[in-house]
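For reference, chains read A, B, C and D in written order, and residue numbers begin at 1 within each chain.
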């Protein structure tokens, strides 16, 4: 159950509501986001919710029959749009293409990609500076200095940035130089990180865990929301199965279901999904038809020379073709 | 390695070729299908294949670097079209929609569905009369009598039939009343059944096993082909994973890869894949974009009253909408 | 619900019982095995079962709250022992070791293994003559002639035979030369085969499907039982997961649960489970502690030269050490 | 390749070695742990390693043919023992039982469990104060105050503590009150946490990720080791598969392989593995036979009243029986 409180609610009103709720048997969690105040009520309680609805300071009350609450579309029935500023939005009517290299390498490469994106109408650039690597001896990214350079290049060109945060301790340093924090698949249930991101007023894109269920992804989003941040984007990036013919099983079923269960935007990541360059276009387009609000694609001037993930990275020509087809597909308005 | 033999090859020529091959170290399998004679050569052998190519009676020779051979597109580079007769084809430029109820129930229902399909331009009707059921006490289908009725209804209306065969012993009885034999996911590695179907001149649609790899599906097809039947259709119908929010993980990645590795047509089965009625349309359309040559969809006049699988079955209105969108999507010509 | 009928029940009594049951709303299946007559009652019906219990000819009535019925231990609370004759038994107090090569090769090899088994107190020899192979070009076993030779060698030495049947059409030919029919993982839901084996009075060992659930294995057993054969053995042989460091994930959890849910004996197959020779002993012993009634082990005089599965096959010395340790472990009487 | 440096190596010697290695083409990582200095050399380089071995300051050099290096037993061939002090050790000849409640609740409960453990010869108590929970609204543990109380209770009784750390930021606060840091399955690839734990001189137990491969677990250990801490324990706690009859698939195959590939001790966690109380004993004992150096078991005076995980928690009587059987099993000395 979700109670939306009135914008100008007074402390005394909150006290009265709290006192009343204490008598109902519900377990109550207060949530204050950048947009609104909520109370989340949990518990298998029989109660006439109209009584709660009539209390002073209660703007609205919604019955939510899901394990997750604030991210459910049982209370917020229209899809959420995340506004990144400068009229760049994610969700609903704003189809997003995010593209860029796996790792931010030097300034020259960054400029080359950024210019390409601008020339092709793409508004959000991806690029990693903190890279989660299975082996401790692998290249772990350029760090905060790379991020600053990356951000400047993009800001100069009107591009927004999405980049991965690996640990709560990095947030403060990254904050001025990041538009969308990406939480990687390995941190899909790093609850301390999720909590900390809930305390920022920056968009957060949550990748599904390698073996994360759809419900766990939504609960991860619930962590961010209930911690104070409503600007959440979900991302399907493939799950682990027995199949070895590709990298991960990009799960378009999950996209269909996430769009049906939650009001949050959903992005598909076919580069990390199928993980083989020549199939990325097909899977990106299929994701759109399955309902994705956007796609995130690895692209690089010369994929064969990329510092990481070259095997799943498109070159510029391939990227242009994908953009063209994606646009045609969206125009069908399914 | 695949050797295609000349159409009018003489026994003496075959003997000469065989004698020569016996000296090379290859393991040789002779394959005679409804269309052509082949020799499949396996083994890690160094040999100048031009010498084989120059033998009398050899039409062509192809190097195939896959575990499977005859179903690989390394030798047959253009996609295969399966001709069901009466100008009804599957594969390449002939997008197929197969639709119908999970189980063939009575004649009235069969006619109702058949008439609906005809009215909507669908040419292949699906319907089960032998039903594999987890519990021995569940309804196992109407059997051969149902098939005869089903076939007659379809024949009267110019529809082709696809129906499941569960055991080699059923083939002879089913043969006169079946256009496409479907091999279910539980029989995906029933090699005796595959061998037996290789001896028919009827199309065979092979469903991927629940935990079958892409390579295993192609090897199952290799069984049918090498046993003598080239009319093979592959079907992705969802795999088993940890996710419980839907029935099976319909794996569109597999469609992209099957189309790239094999010359055989690939059909998607979103009804058994995601297995939830309201998502079937999205997944069907996404499958098309991923490369499927067709879709197989469960439809029923009143899904709520279907003898089996009602929860994943479309009603006629939903089916019509799907046909319309599928047609628009195919017209994009991606 | 299971009704056990009296041994000497008369047709008129059965008629009376059937007429009565027809009034209750249950769906009723009659089951006649080599040992007894049963009626299986399914359906969500409210009925005073004492009324059924008091009918003439009803020996006993049991409430079974599982999807499967006759294989559940909710009605048969003591473990089942399968008697192979000559005082060789499987289940309960009779710990079984079944051993032998993957494939029956020549007579010499068969005799060598058989003599080794006899010398080491093993009473059941395994060996395949019909081999399910992923590729149609791989060696498919020696067939019925190999079986006859294999049987004779074993009969001469007082050994019982377990061997795989791949298709219902093979049963009649195999019957005189087989003590235990093994159903392989790829046929775990080949319901026609299961039905046909239910009509024999020979023991049947059912391997769990590669991605078969525990419940599906028990339902496969229910097929055999309800079709008329109570002599069923369950076998855990590893499931398919994402892990690639071994062949299959031998699932000892399943052994613990199968032993708790069913009265049937459970055998572990670590050779096909972990699939790596040097770990087979550990996993075999762990299976015993997890509750297995026996183990089935691939052994060969020279594993490196075995026609198939050499990488997971023990040599005689390793086999002897395993027997010794298994015996010590069983003596702990956990 | 691993170079062990001499204990009293001088800076100038290190410089000379580094200069030499720079000429070889290897990528070199310096590792300094609480016990020794190492250089880890990676790269596909052809080089006569005797030349490196003969350099001043090089104590030993080992060729390691695994993706992981320092945790491999290719260089450290005898099993590692972790010394927790007070003669309490984990690994090799020191079989460990760790037991306690899922969550540390009040002082009374903690004392009750601690006294029980002492009375039954158990030397390491488990208990969570920071609880990773799927839902943000679930109980998240008693935090640092609970840890202080827990530690004091245990210290007073000579017990060591194992407890979960969820984030690098918690380490400093926890350090004085923790003997073994546990990294949970959801943080199995939280590389920042692993790095930070590598900088402590406290034992760390790494749980395998829910869908973590055996190699990924070893690479996680490599993070801790290469970051400076050799006191690492591996823990198998069950993986995610399609099976729903139990909580997780406790993977004893992994135990056998981890013991064969690494010198680190391996602990089994059947409580979180199979996750059903009545099967925990069987799986714990099977784990021992599979090669585990110890088991970690949830126990509580009244499992039905535990704040979390009661369904998989043993009561004291069950725990005593398990201890007795585990001891008998270890005495077999397999």
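Side notes on the structure shown:
In this text, a contact is a pair of C-beta atoms (placed from the backbone, for glycine too) under 8 Å apart; a residue touches a chain by one contact, two chains touch by 3 or more.
Just so we're clear, the structure is a prediction, and the values are computed from it rather than from any experiment.
For the pair chain A and chain B, chains touching both partners: C, D.
Taking the mean of C-alpha positions as each chain's centre, the chain lying farthest from the centre of chain B is D. Chain centres here are Cα averages; for chain B and chain D they lie 50 Å apart.
One finds 33 Å separating the Cα centroids of chain B and chain C.
Annotation for chain C: residues touching 2 or more other chains are 211, 215, 240-242, 244. Contact residues of chain A toward chain C in the complex are 211, 240-242, 244.
Per the touch definition, chain C reaches chain D in the complex via residues 211, 213-215, 239, 241-246, 249-254, 256-257, 260, 273-274, 278-279, 282-283, 285-291, 325, 328-329, 332, 334. Interface residues of chain D, counted against chain A in their complex, comprise 27, 29, 40, 42, 67-69, 132-137, 166-169, 186-193, 195, 209-211, 215-216, 219, 222-223, 226-227, 240.
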